[in-house]
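Consider the two complexes below, in which chain A is the common component and chain B and chain C are the respective partners.
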Partner chain A sequence: MKQEGKKKIWADYQKEIADDHFFYVRSCIRQSFFPGSEQFFLHMMRNILGKDVFENPSHTTCTGIGYHSDIVPSQTIMTVVARHFALMKEAGYKNIAISCVTSFGIYTEILETWKHIPEELEKTREYLFKATGREFDIPENMAHTSDIIYKFRDEIAARAKNRLVNKKTGEPLKIVEHIGCHYAKMFPKSGVGGAEFPRVLSGMAETWGGQVIDYPERRHCCGFGFRQYLVQANRGYSVSNTAKKFASMQPYEPDVVITNCPGCNMFMDRWQYTIKEMEGTTYGINGESIPVLTYEELAGLVLGYNPWDLGLQYHMVQSEPLLDKLGIEYDSSDKFKTGDGRQMPVPKNLINA
Partner chain B sequence: MNSDVIVVGAGVAGMETAGRLAEAGLKVILLEKNEVTGGHVTNWYHLFPDRRPGSEVLQYLESLKVNGNLDLLKGINLEDARKDKNGFILRSSDGDIFYSKAVVVATGFDLFKSERKEEYGYGIYDNVITSADLERKFREGDLRTTGGKLPERIGMVHCVGSRDEKSGNLYCSKLCCVTAVKQAIEIKEHLPESRVFCFYMDIRMAGAMYEELYMEAQEKYGISFIRGKVSEAGESIDNSLIIKVEDTLAGRPLKMELDMLVLMAGMEISRGSQSIGSMLGLETGENRFFRVRDYHIGSNLSNIDGVFYAGSCTAPMNITDTISHARAAVTEVIGYLKQ
Partner chain C sequence: MEDIVGLLQKDVRFEEGMKACMNCGVCTAICPAAEFYDYDPRKIVDIVQRRDNNELIKLLKSETIWYCGECLSCKTRCPRGNTPGYIIMALRTLSQKLGYFTESEKGRQQLAIKRTVGENIFKYGYCVAAYAVHPEMHPEQGPIWDYMLEHTDDIFKRLGGQADGESTGPLRKIPDDALEELKNIFEVTGGNELFDDIEKHSEKKAAEMGIQFSREGIDNEYFIEVYTANNGHHTAHEKTEEDEAGR
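Up next is the complex of A and B:
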């Protein structure tokens, strides 16, 4: 495999990413399933990189999951997104930072729609004004939060406490990256590195010392695929897609999977548990499963944060094997304690624990 | 330098045009940007449909250059070309100036850059090659993969950069299907034990003896033709290729392991054509090739009096049609100069 060929493609897919002053919009499911990611992003941006990031607690879901399930019509989702733009305008911001890949795809699709069909933009302005009395501007800069971390990957590397290297062997960690369908597959120019050989996560991983694996099913769906999961009768199809992906990466013996999209993280994490329960199959070495982290969690480990403060314990596949390779010290008894030291209930059936 | 006619481009069309005009007694300057003449044929091992060596056509073209009326100048990069009341003035980057009464544009085509079809991984995956790369391998007599293995399973992807809205090329390049069939047969002759799969949208065999070649490929050589586009290629841990394709006739997706994938790169207007086109103000069509004045009775005529076209700068063409088109250009130029 020739790295030079990839570099040529990456050069064609560089996007402008704002440097500061972001209006932040959260994800519905990221806050629920791995809440440390968004929290750490805000902490890192504000307190480590010294950036201005503003969020308005009255911003809502983008309704993307409903839209992709044919429940929410396009005019409705455009008006919801327009409301977010109105909140941004009211706060005096022009750069939007989007936490969720589904939302990022939605926002990108809507901006493209408005560009090509300006009458839809005018209709949306009218709907929003009638419903809320608000007005909005189109953002000057729109980035997924992984784009922003990619932009500052060197600054993070400069502050690294842990490189993505196996401390026992000295070898780079083998990393699978998965950007998610809605980051760049619909609009390749909207993603760093495009859709076929994306750079956004691989650029972070390599800058921080890891080695990225390119395996045959790299581009394959994580298994979520919306209807594959949302329609209950299709869930076997969802699991089988995840199984196909993990079977393809297994020979490379990856140490960790990093994901861009909340759905991808959830399904690549949870379905490993399901597949293990269903047929006893695991995909890591020594019968272990492969930890699946978000890029913020990975950045947090690189910067030396406590894995339990980052929320790694809220994944189904536990990260201890990865932490051991990185040489990160941890106390397993602290995993499910609150900040003031009270013990929370310990989930059953966690794997790798 | 003064001349009756300047021919720009010394590929098949340019050499044929220039040689024939010189034979007719006209003073001709033939300008070529490269140091070698012959254009794309110099890279081709065998030609379809009769599989004669490309070198034979080159020998014929070379023989046309031996004429006192013809000045061939190589390594010429044109910086300016314009028409005034006395005729045409062309200037090279070295400051050479050429004058003529007429210009024949024979600047040909470029092969589609297969890297642009990112899903196939050309330039990234070791054993994804183009049809032009395969011709080089035939010439060198070495069909091994980058791992040094003789390939056992080879895929040929038709329509790479042709009939493809995503690439901006809606047109058919006309020659890729027959090239794939010819190359598939040649692979089987070199490697009789190999399996060759051609992935096509439609098989377009519009040329003398093309259909017969297609039948021979199936009946004599057992080449498999699968109707469907390859959606992506990837590389497995042992360096073999994994492709995904839909077999649209069987109505099912396929995932196949291959040792080599050959991309049938289509044809696009050349950068040289675009350059001289903008200097002279030549019109192009939706396919970005030069727009001819009349597709039936004026396919050598441009929108500028005194500028003529020869060959595949106007549309994808095989060698037979290119030579015919060049000879027609000669007739048009002679008629124009007699006026």
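Up next is the complex of A and C:
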């Protein structure tokens, strides 16, 4: 394809991302499993990039996991999300920063529905007022938190202490990125690059020195499937889909997987453990498993933060092989210490440990 | 008899997801559920498009509508702008309203989801929270999860959070007035009604199956049954009796 043609197509997938003054909404899964990631995002935004990010403790779940497992009706989730918009309006903010890919898909779907069916918007206004006495405005700008890091990727690169390069060989790190179905596939033009040109994470990885692997099942679902994981009897669906992705990426020998969605991260980490337990299969080189990092954890490593303050030790697949490739020095004795330096017991049977 | 198409048309997901299907099957080609289960979203859309009430009732009672994982990969790829995943969501909602979901093993699982994720929303203000992911129900979480639950306070403090604490931060306690507003929203918008439908029909089914049922909690035979039962006839690769007999 000629260069102009490519540029024209890419222009359709450009996304306007606000520059400052964000109202932050958390993710049930990211804050439960990767609390260090959310806190590092806030730290980086406020203290490194000098941005204003506001959080109101009264915001709740968006109910998205319930909605996509079909126990929460559409009008209910619209009104819960409208309550978040009301809290944002009351605090004087117009740009929303969303920490969860499921929430991001839902917020986008709701705004699209209101555009197509304005009566649904009016009904939501009535329901919210009746239930809470609150009123809301539609956000002027809506971004997933990875969109915001993508926007500031050059500023982060300028402050980098570590580049995503194998220190011993000098070669770029081989990176698998997984952007998540509800970021890329529901409303492709609401994400950077959509499903066709996944750019949000690859943009960060390449800017920070890495090389992104384009493998056959790059766009395949992580396997969450909501009810297919939530109910024990269905988990074969979930682990099988993850296995399919890992088998597809394995020949490219990735050094690390980075994920957009906190759920995808948890599954791609935990199912590697499960598959290893079930059948002894591992997907990294030399019998190792592949560390799966959030984009905040990746940014933290690039900026030279202590991996144990980011929470890398709280994945099943441990990240020392990756840290060694990057030439990042770490203190193993600090890994399982409390914030005030007290030694905790060392957990057993972790992977790559 | 219920006018199923009329009821489906009241659902915004149906309105947004069902245009005109030309049966190309791209949705099935891209579908992660179709690869694992005996599932074909093209056929679902085809049945819905035919508007045959009897066929639709069969569908609402079937295992089939519960196989989708709602990844919505189909939304990206349909050349006609249909979204089989949204049609499934409308079918599932209706199946629960009309009580048909208890006719299938996969449909009956809705009680397990309501009793876990649904009740987390009211209790904690979260769909999922670390302290509500019990290792005995989640062996795949591995030893790191037992460890995180044993040392939640210390771990969260080091990483900058505060499990169940007041004010901002990861896993903060959701204030009581916010929980109250959430409950009011469920009441006003039909969320509680759907919860009640799931409970009512599940209780009835439990009695029919002769399985012990409690009106709350997860420590009862019916919950355990629907959370764990798998008859082995759902996936695309399992052999039928006919295959076994070499026919």
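Brief remarks on what is shown
The rule is short, and it goes like this: the second predicted complex is superposed on the first by the 341 of 353 C-alpha atoms of A that agree within 3 Å, B and C clash if a C-alpha of one lies under 4 Å from a C-alpha of the other, contacts with A are read in each partner's own complex, and residues count from 1 in each chain.
Throughout what follows, a contact is a pair of C-beta atoms (placed from the backbone, for glycine too) under 8 Å apart; a residue touches a chain by one contact, two chains touch by 3 or more.
Predicted model, so just to flag it, every value in this text is computed and none were measured.
Between chain B and chain C, more residues of chain A are touched by C. Shared-chain residue A:P251: touches chain B; no touch with chain C. By the touch criterion defined above, A:N95 lies against neither chain B nor chain C after alignment on the C-alpha atoms of chain A. In the superposition on chain A, contact of A:Q232 is made with chain C only, not with chain B. Of the two partner chains placed around the shared chain by superposition, neither chain B nor chain C is touched by A:T145.
Looking at the shared chain after the overlay, A:E120 reaches chain C, while chain B stays out of its contact range. After overlaying the two complexes on the shared chain, residue contacts for A:P216 are found with chain B alone; chain C is out of touch.
When the shared chain is aligned, chain C comes close enough to touch A:Q75, but chain B does not.
Shared contact residues of chain A with chain B and chain C: 195, 219. Chain A contributes residues 26, 28-33, 35-36, 38-40, 43, 55-61, 63-66, 68-76, 78-80, 83, 105, 112-113, 116-117, 120, 127-128, 130-132, 181-182, 184-186, 188, 195, 219-221, 223-228, 230-237, 239-241, 244, 270-271, 273-274, 308-311, 314-316, 337-339, 342, 344-345, 347-350 to its touches with chain C in the complex.
The residues of chain A lying in touch with chain B in their complex are 1-2, 4-6, 8-9, 194-197, 214-219, 251-252.
Taken in their complex, chain B has these residues touching chain A: 115, 118-119, 121-126, 232, 234-237, 242.
Only residues 11-13, 15-16, 32-33, 35-37, 66, 69-73, 75-76, 89, 92-93, 96, 106, 109-110, 112-114, 116-118, 121, 125-130, 133, 137, 140-144, 146-148, 151, 154-161, 166-172, 174-175, 177-179, 181-182, 184-191, 194-195, 198, 226-230, 235 of chain C touch chain A when the two sit together in their complex.
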